[in-house]
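Next come two complexes, and both contain chain A; in the first it sits with chain B, in the second with chain C.
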Partner chain A sequence: MSRAIYWISLSAGFLFLVLPLLVVLPLAFNDSSFLNYPMEGFTWRWFGVVFHQPPWMAALMNSLKVASGAMVAGVLIGGLAAVGTMLAGRWGRLVLSALFISPIVIPSVVLGVAMAYAFGRMGVSGGYLPLVLAHAILGAPLVFLSVMTSLRGLDPELERAAASMGASRWHRFRTVTLPLAAPGFLTGALFAFITSFDEVVVALFLASPQSQTLPIALFSSLRDRLEPPIVVVALLLSLVSCLFIVVLNRLQKRSNGRR
Partner chain B sequence: MSGTRHNLAAKATLLILPLVMYAALYLLPLISIGSLSVDNGELSDRFSRLSAHFGTDAPVDDAAAVALLADLQGMDSRDRAEAGRMFNQEKQGFRSLLIDTGKAAGDIPPTLDGLTAFDPRWGEPSWWEVLERNVEPVTWRHVQKATGIKPDGQGGFGIAPGDDIYLRILVRTFVIAGQVTLLTLLLGYPLAYAVANGTPRVRAVVLMAVLLSFWTSILVRTTAWVVLLQTNGLLNGLLIRLGIIAEPLQLIFNRFGTVVAMTHVLLPFAILPMMNVMRTIPAAQTDASRSLGAGPVETFLRVYFPQTLRGAAVGGGTVFILALGFYVTPALTGGPGDQMLSYYIADFVKKGLNWGMASVLSLMLLASVILMLLIGLLVRRLAGWRRQGV
Partner chain C sequence: MASLEIRSIDKFYGQTQALFDVSLSIGKGEFVTLLGPSGSGKTTLLKILAGFEGVSSGTITLDGRDITTLLPETRNFGLVFQGYALFPHMSVRDNIAYPLKVRRVAKGEIDARVRAMLDLVQLARFIDRKPSELSGGQQQRVALARALVFKPDLLLLDEPMSALDKKLRVDLQQELRAIHQTLGTTFINVTHDQEEAMHMSDRIAVMNHGRIEQFDSAFTLYRRPQSRFVADFVGKSNIFTGELVPGSAGLTFRGEGLAVPLGPADRAPGKVDLMLRPEDIAIETDPPGPGRIALPARVLQATYSGDRALYALKLDAGPEISAWGTARSGIHPEGAAVLACFAPQDCTLIG
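Right, the complex of A and B next:
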């Protein structure tokens, strides 16, 4: 009886979780302009459309540029924030952490409105800069968290050993702690990149017609008309996510193995 | 001694860049929507003379007429149209009245009678009241429009019927977030349980599915639901082929589509915290309960379930707070009656560049989120979960 409840509820939840994408994504190869089953044959045609017709490729390039810029800026901001916070006292650490993590809980529409207005006032508008800066702020908390986690997980004995050999606090930090925290920076960079690459709401407020990103292109064509290229783009974005998980997994295994 | 100073200097230098960036790119924008919500610079600058006139509590007299005509003459036709558009949000017909009066401003005798002769509406106090209220540097009209709370003319405040549209949207936002939270907890609980207690293979498969879902973008997963739920889409096709329905059901652009898609998108956020808590519950407890004679159901309800509530609270709270600010999924799967507060915020910016209304509604949303966070902290403290490190 309880086994039955377990298996039924587990299957229901599991199917709800995985079926939508499993059923919809194969339609990228369907030789029909209707997004429906049964499939009418296998084709790469829609991939050709995505690779050769606007707006997809231009949007992909924009996304890659914005995400790379946001990653660099996010790692710089979030990484320095984490290292600085780690060196602060107990209360300073608490206040600074709250500040540096807080963008996570602000609804993206609110951030979008606020940034669109303020950036416009500061004269930061058009091109990639507003998007890069906004996405850097969205990515920085994730970098901050992952660097903090790796700094905290370090063996305190290492620090003590360095101290016993006469290294100053700052010198210890630079030569012992920081290099060991490198995986935290890498994971954070990955988080920052994928956050920007997938972000749509803030981008909708800040992108100029020339800097439309891939998620924006997907969002507007979803509102416009449902066509197979949409599913192709969804499939490509899912593959990027899979790749991301694989890399993340490798990184975590490596840093665990080193400890 | 010099070492300490060196430390402090290093610390300060490290934090300069992040703090400056956060202040300029994050805190300043957030503060600016606070001031924008009551800012009336666009009107008070254009009507500087009239603003100064009413600023001294002067009545509507010939001097007011002089000030109004001078202000209008100082504007070009685009300025007048823009100002008129803003007044029109308060009172229909104001745009044309301002444009017409502005065009003829040079020929109208600068008295109240002269204005009234040009257009009889200038003889009615109601039009002047709108002007008087809206040329001051600080305005409450956005706040009043968002909350519906206005002076009722008898010295008090009240909500006129039909004025509570944004309050109702706020309630709708909370209702949808609540429905989604409940569904994610119900569907997510067995999945989290399986990851914590299943056989190794079940654990691996379910965990992989949850993580894949977690890292696939919200937009991609919403896309899948849009394709599935179309009128001639996959789900309707399947139901018709199975003979369950004869005509396609309306599954999208209504509350059903919104709640189902949002539940799917937010499900991993409910599962992960529950899973983490369930993993810490030792299997020996269940074994002990069983060996003492309790059945599987009683063991689950009395030994296992109460310990998982803290995970459900964290997961449910996360989902609720995220759901409050949702925009993309309801915009793509909901109808006009299912849009949440975020939609209207975006709408005010996109359609009318009405930053004032967008700011007030943003503050409403932000306040709701912060309120829920505080409630979450309070619950955590009251339930004593803090000691257990969650």
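Right, the complex of A and C next:
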């Protein structure tokens, strides 16, 4: 009985979640300019198109720049918020946590409109800065959450031990808390990066033609013409995400091994 | 010469009082254990000494200097935790060097002192290991080295052995005692294990419900407990409730079917408890000589442990008691009729 449940749930999950994604990917190698089965032959041609024809490489570079910037800003903001929140009392912690996580709850369309309007008013529309800032706001709560998890998992006696040996609050933070919470910061940084890298809604509102990111390029070429390069880009993005999951897994194993 | 003076400490958590008028005077170089069941306040007292908790009233002085409100990092007390609290991201060397680096000791001296401490706890081979690569006993010895390397004025040990198995515990007790004698630092240990307390300490403060019941050497606690709680908590004991009644030959204890002539005693008649340790009772089948008291009893249970046997006896007069008996020529079976014999001078009056 339990075996039947196991196989049914497994195949249902596979059919529903994974198959629709996998079915598209072989078309990246299809020797036809239509996204249609049956495939007409195998080719690497579309990869060449992606690597050499606009807008793909320029968009990729934009995405990398924006995601890196958003990651750095997100780690700083989210990390500091988490450290500060840990120092607060029980109720303070609850309230501050809710506040710092709130950007996740607000629909990204609303955020996009609000930020486009706000940045326009301030005269910083166009270019990378608005995108980086907006994506930092989206990434910071993720950093906040993962750093909080990391800090909460620390044995409070370590801090006390350091205190009993004469270390000041700042010294304890620098030599004990921060190094031990590093996996949390790294996980958060990865999340912030990938969030920005995949983000399309807010970017649509804020990107100028020069700062167009990869998801936007994907989105607009989907509207213009359905061609295999889109699938190539999708395949590449999926590979990046898989890599990300592997790295995350490694990180978690390492921090678990320490305890 | 008292070095650490704890004077009338009260501690409240909201409405609950955790410590009641606790006073202790601990000499320099003494090995003192705070012994008590969980909830007795011993850990609270240790946290207050370490500076992690404040007091509601009372003072603590060290060599005449008031340290009641000092922060933990300015007290210069070593601290050993139940869970070791070694820094997992640092090697054994860096763990032990930590307090010295905080104090900006010169590099060469740090190295020398770390090595000297590791020699003392016999872990020199493990200097470059990470804590996770050491056993529990080794980790606790590293923690000990780390807490002692900066020559603290006081070493506080918070149930340091409770995570270790029995054999390791006994080894570490001896080692701790030896280190204490080598260094001459004042040690204050917290435990609920009365054997551990008796093995290591110069004096033991028995705590119960936030109060100090008695502060004495292990011998005095065991032979002359001042309260029923101490008699019960430290070692096995049989306690009879009754009263002292005056007679022609001095006072006699009467209660629970027992009559023990105590001779002329320097105390007033009235209600009292009488304690009798299981090893002071001999189990006989023939009536004993004069001066000893024999109580007829039946064996409820006998637990053989090779060198001797622990008997649970039901006295014909009612109460159940426990007694150690010799086991050289076998043990008395369950239900056997025996005599529980003891001398009146081995009894202790409590209260």
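We take it that the second predicted complex is superposed on the first by the 243 of 259 C-alpha atoms of A that agree within 3 Å, B and C clash if a C-alpha of one lies under 4 Å from a C-alpha of the other, contacts with A are read in each partner's own complex, and residues count from 1 in each chain.
As a convention for this text, a residue touches a chain if its C-beta (ideal position, glycine included) is under 8 Å from a C-beta of that chain, and two chains touch if they have at least 3 such contacts.
Computed from a prediction, not measured in an experiment: that's the story for all the values here.
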When chain B and chain C are modelled together on chain A, clash or fit: fit
Chain B versus chain C as contact partner of A:S108, first or second or both or neither: first
Partner chain in contact with A:L158 - chain B first, chain C second, else both or neither: second
In the superposition, chain B vs chain C on chain A residues touched: B
Touched partner set for A:S168, first chain B, second chain C, both or neither: both
Touching partner for A:P179 - first (chain B), second (chain C), both, neither: second
Angle at chain A between chain B and chain C, C-alpha centres, nearest 10 degrees: 110
First (chain B), second (chain C), both or neither touched by A:V247: neither
Chain B versus chain C as contact partner of A:M57, first or second or both or neither: neither
Least Cα gap, in Å, left between chain B and chain C after the two complexes are fitted on chain A: 8
Set of chain A residues, in rising order, touched by both chain B and chain C: 168
Chain A contact footprint on chain C (complex, rising order): 50-52, 71-79, 81, 83, 85-89, 98-99, 102-103, 132, 143, 146-147, 150, 156
Chain A residues touching chain B - in the complex, by the definition given at the top: 1-2, 6, 9-10, 12-14, 16-18, 20-21, 23-25, 27, 34-37, 73, 76-78, 80-81, 83-85, 87-88, 96, 99-100, 103, 105-119, 121-122, 133-134, 136-137, 140, 168-170, 194, 198, 200-201, 204-205, 215, 218-219, 222-223, 226, 230-231, 234, 237-238, 241-242, 244-245
In the complex, chain B residues that touch chain A: 3, 6-7, 10-11, 14-15, 17-19, 21-22, 24-26, 28-30, 32-33, 36, 187-191, 193-194, 198, 202, 206, 209-213, 215-228, 230, 232-234, 237, 264, 267, 296-297, 300, 321, 324-325, 327-328, 331-332, 342, 345-346, 349, 355, 358-359, 362, 365-366, 369, 373
Touching residues (chain side chain A, partner chain C) in the complex: 155, 157-158, 160-168, 171, 175-176, 179-180, 257-259
